Amino acid sequence: GAHAFYGGSYVSESLVGVLAEVEAAFRTARSDPAFVQALWLVMQNFAGRETPLGYASRLSAKLGRHIYLKREDLLHGGAHKTNSTLGQLLLAKRMGKTRIIAETGAGQHGVATAMTGAALDLPVEIYMGAVDIERQQQNVRRMALFGAKVHPVEAGGATLKDAINEAMRDWITNVGSTYHCFGTAAGPYPYPSMIKYFQSVIGLESRRQLLEQTGRLPAAVYACIGGGSNAVGLYAGFEDDADVTLYGAEPAGLADGSAHHAATLTQGCVGVFHGMRSLFLQNGEGQISNTHSIAAGLDYPGVGPELAALQESGRATFVAISDMEALDAFETLSRLEGIIPAFESAHALALAIRSSLNHPPGSSHVVCLSGRGDKDLDQYGQIRGWS
Amino acid sequence: MVMTHRFTQLFAAPHRKAFIPFFTLGDPDPGASFELICTAVEAGADAIELGFPFSDPITDGPVNQRSMQRALKAGTTYATCLELLRRIRSRYPALPIGLLLYYNLLHMRGDRAYAEFADIGIDAIVCSDLPFDESEGHMQMLAAHGLGCIQMVAPNTPGDRASKLLDHSSAFTYVISRFGTTGTNEHFDDEALRRIERLRQSTSQPFVVGFGISTVAQAQAFWQRGANGVIVGSLFSLCIENHLQSIPSVHAFIDGFISEVQGGKACQNVQDAASPTQRVVAAPSFPARNER
Amino acid sequence: GAHAFYGGSYVSESLVGVLAEVEAAFRTARSDPAFVQALWLVMQNFAGRETPLGYASRLSAKLGRHIYLKREDLLHGGAHKTNSTLGQLLLAKRMGKTRIIAETGAGQHGVATAMTGAALDLPVEIYMGAVDIERQQQNVRRMALFGAKVHPVEAGGATLKDAINEAMRDWITNVGSTYHCFGTAAGPYPYPSMIKYFQSVIGLESRRQLLEQTGRLPAAVYACIGGGSNAVGLYAGFEDDADVTLYGAEPAGLADGSAHHAATLTQGCVGVFHGMRSLFLQNGEGQISNTHSIAAGLDYPGVGPELAALQESGRATFVAISDMEALDAFETLSRLEGIIPAFESAHALALAIRSSLNHPPGSSHVVCLSGRGDKDLDQYGQIRGWS
Amino acid sequence: MVMTHRFTQLFAAPHRKAFIPFFTLGDPDPGASFELICTAVEAGADAIELGFPFSDPITDGPVNQRSMQRALKAGTTYATCLELLRRIRSRYPALPIGLLLYYNLLHMRGDRAYAEFADIGIDAIVCSDLPFDESEGHMQMLAAHGLGCIQMVAPNTPGDRASKLLDHSSAFTYVISRFGTTGTNEHFDDEALRRIERLRQSTSQPFVVGFGISTVAQAQAFWQRGANGVIVGSLFSLCIENHLQSIPSVHAFIDGFISEVQGGKACQNVQDAASPTQRVVAAPSFPARNER
């Protein structure tokens, strides 16, 4: 809800109206069978749902626990983000919006939005830091192929935070025609709730699939946490199952005691930023920190409000996973299962490798493989000194 | 309670046209910032609006963002800002001072922030990322400490909501001139001016217009349509940015611009006489002018 | 069969025994419900079958024909090749083989084999031309991540043909322990038949999905042709439907009258090479030609024997598509549907765009999107002068 | 028909130990190739095996692959090969000549190929990528033109199949020494030698051993286990490759190696006398030696 301790809608007065408009549209859409049907059709025929829940046999043998992988990496676009961009852009279309904007860091959300805009015939403009554009040429190329316009952001550090700032400015300026497609289950209400709804398919499918395959619920489920969209989506399937432990892996980065991390839940404190009251990495005066993670998609100083609440209530357990642990998991899954996970997803996997051992031998564990790691191969090569 | 009276008093005459410059506290550095603010006051600013620098000023445009980054880089902390405010208040006891803060700064400072501001003699506070619907606690604290509340009205704020916001502003209401963030503007379309006109016709509460105003003519146009004041900020931030190596010329620009604005008022007041809805206010408008 | 005009098993005496062994194993496996079940399980839970048959709404509107895309690009690994590597490696395991070899050109088949080997716990060694290794670092990296050993081949032009030669030599040398995982539906019997069987899931699924979605069969189906594995797989679903036209797009390359193409079916002649009697690009004396295509996966001087037979019987129609036409289709699909096809698949799409117009307005057409185009973005950027 | 008699005659004596060098026609160029082949014959080769260069010689190792690439690059065509064969036959009318072709070359030449070979006086043909099961038409054509058929037996060929292959070879059977392709070899394991021994015990048909033989001792070992001959090819191809700028030294090497092999036969024949299954063949074995 809008007035829980975490969450809310802390935005410029210029956006108050459009957020109310989005909320109303979302409320009617989700209870309109035609919308739900249209959404499921594109989820199935364009995005490739449902995604498999695959048994990781060699990893399971190694751990003595049954590890199941929810294969969001097989979704069109290569990550779970497509669930949300499809939902949001169908909603934008329903609202009569004629222009979509989004910000992007490494480019993943920009690509997902551009791709979805092409499929749904909605023009897309993407804000991306000039530094990131330089670093992520392939994603810039993808967005251009999809017909999206990419605006380089030269302000500030010319990276994600600056791109967000510019996208917000665009939205404030063009609020009538434009829908701002959010990248994660954060930001002002109703975005966190809406994106949870669109991502809940991850958890709902996983639960049904595991019951079909084993007849039992898992001991625990695992997701990585940037803003938290794949986590809230996964948890949505299991939060009412009191015996299922919900784990979240956030980035401990260098894990050297420095500020080179993005472990918001375990090291952040309550603040109000990017439209929401939640946990943030910030200094004592409220200036937002610069963060670090090997995984661009986790490199964010805040976290969705629902996750902050789940931590406070004790329902979910969040653990910080270092770059190195994630890299190990990245290599382990590649070697043992023939699946290269995204660096983001490798955090969830690393946590599963570690924490599943706290559960009985033979117990089942579901890891959300939120994306594929093709995008990380260059960086991996650099880290391992291959190039 | 007494402190809000500075804005109340400023807007007591219904057709008093206030020119309110905005500065980021600490830009380009705390010392120079203080001097620039003094120049603005002494050039004739009717009141001032001062912003605490914030790492991620989303409702501001790139110009003010860079201004805030300069201030932070120059070592401006929350304490620095308080100290600057104390010095300004001490020099200009009668000057209406409004603050702009991103809400997270207030949130992190906690309740003591309000007491501190009251103690310094701040008149009113606006948080550009704290909409009315989330500001109940904030308004209570302002009221408890006798600090004026400034609500913001946007171009797309519906009429009934605008009325509510005007009613809940205890100092003045900040009316956003156009869709967009702060910044300088070549041109306001007619609709922007008509919006002000309509708002004026709907209320007798004081409101000032901000975002994008960067010429004397624009200020005059908004006054003419009924705004009690205009806020000009990015124009000065941009001037600082462009003359970091020659701050004296920034002083000259501020002095020149504000002098021109204030000098123009006489002419405009004469012009206004032609308008049946406007009255002539012949006396120089700025009480703080000779305070130094 | 082994003694049709096209096909056969033209190999060194050293391989005669192992081919008989493969054939026997394949025959018993395909009629063993346990094998079929195990194969379907990995197809589903590891590879992500079934893949969607998606309606390309904007392209359809443009053409006035209903275009359906069989989304093999969503398969784990990014292309249809996984169907075949999973089938072959499960068979190799059943045969008690303890070592897998494969050759690769641009790296796609090497990656698919390495990935499958990791998942099925079979050590994999890949032969790859030294020149190709230099050009395709990301795929080399993937293979290494999957734990495969990559052997650089310095001989000859140090590209695909040389890699094939080396893999064949390895197989001749290590025929007892080793299974040679073929990349396409070519080579000596029983490989073409076996790979057709493993790929037939493409066509069988497509047929059922289109009937479910529209209640009708398509007017035509389209696939690209390198060796022809995705084509025989697609056709398998429709070859008994006499009213369904089977189209195949082979690479016309530069289409400038030079030898810079790989249009084997339309310009090749009958020969005996790589273990089979089929059509090949060769000179009048039987020396095999060097070929060119923008799509590495189509850049092969031969074609599977079944396709040669389908052309001869007139059941299938093969058309050569130039590099430029394929590039146009690549851009068209990206822009209109939010899907970046592999350069290979873009040939099939280009043919559909061209030839669907020979069928009535409102008719349905199925295009096999055999792979995703992420791998082609660097090359695309170079062609378009982006980098 | 008469032509197959050269090999038939060669292997008529059951313990005749033939040394058969292999050359790619046209390596390093057609002219030099002819001269090298002549040197081999005159150094004492009992027969020769000549390969048509092919673009993709899959059953060969890298050494012979490069040899074929050199020949093709030097302009060696099918016609060049025929011309070389005519010259060789013309110079050595009694020399048993076998050909190795990748089947596609024969296939593309069509049926006239067999007539051409018969006309030139070729004795026998082997296609390394045409297994028995696919060779019915080929064998019919060979028989029709009186050309000898050479089948290949691999290390993993089962006994009954090996018998069939031996039966269908009308010149001799080519026994592949080990798993792998052509090339030079440091060492043959005992099993490779035992396989030859077992094959010898199972048949009285002539067979020769090839693939990887590159020392006199290896040749002797295979002879000793019962092979009627050995084929050595990659060793000479490698020598050409290593001395492209000094072809005279290749001639010297070929002459030296073959002389050593042939010289060693006397000693070995003496040793063989110790073996109850072997007979001494005292006379120099090579009828073509003094033909020039």
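Lettered A, B, C and D in written order, each chain numbered from 1.
The rule we apply is simple: contacts are C-beta pairs under 8 Å (C-beta built on N, C-alpha and C of every residue); 3 or more make two chains touch, one makes a residue touch a chain.
Just so it is clear, the model here is predicted, and its values are computed rather than measured.
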Minimal step count in the chain contact network, chain A to chain D: 2
CA centroid of chain B to CA centroid of chain C, Å: 68
Geometric centre distance via CA averages, chain B-chain A, whole Å: 39
Centre-to-centre distance between chain D and chain B (centres being mean Cα positions), rounded to whole Å: 100
Graph class of chain-chain contacts, one of line, ring, star, complete, other: line
Partner chain A, residues of chain C touching it in the complex: 44-46, 48, 51-55, 58, 71, 74-76, 78, 114-121, 137-138, 141-142, 145-147, 331, 334-340, 374, 377-378, 380-381, 386-387
For the chain D and chain C complex, residues of the former touching the latter: 54-59, 61-62, 65-66, 69, 72, 77-78, 102-105, 107-109, 128-134, 151-158, 165, 176, 179-181
Residues on chain C engaged by chain D in the complex (per definition of touch): 2, 8-14, 16-18, 155-156, 161, 164-165, 168-169, 172-176, 270-275, 280, 282, 284-288
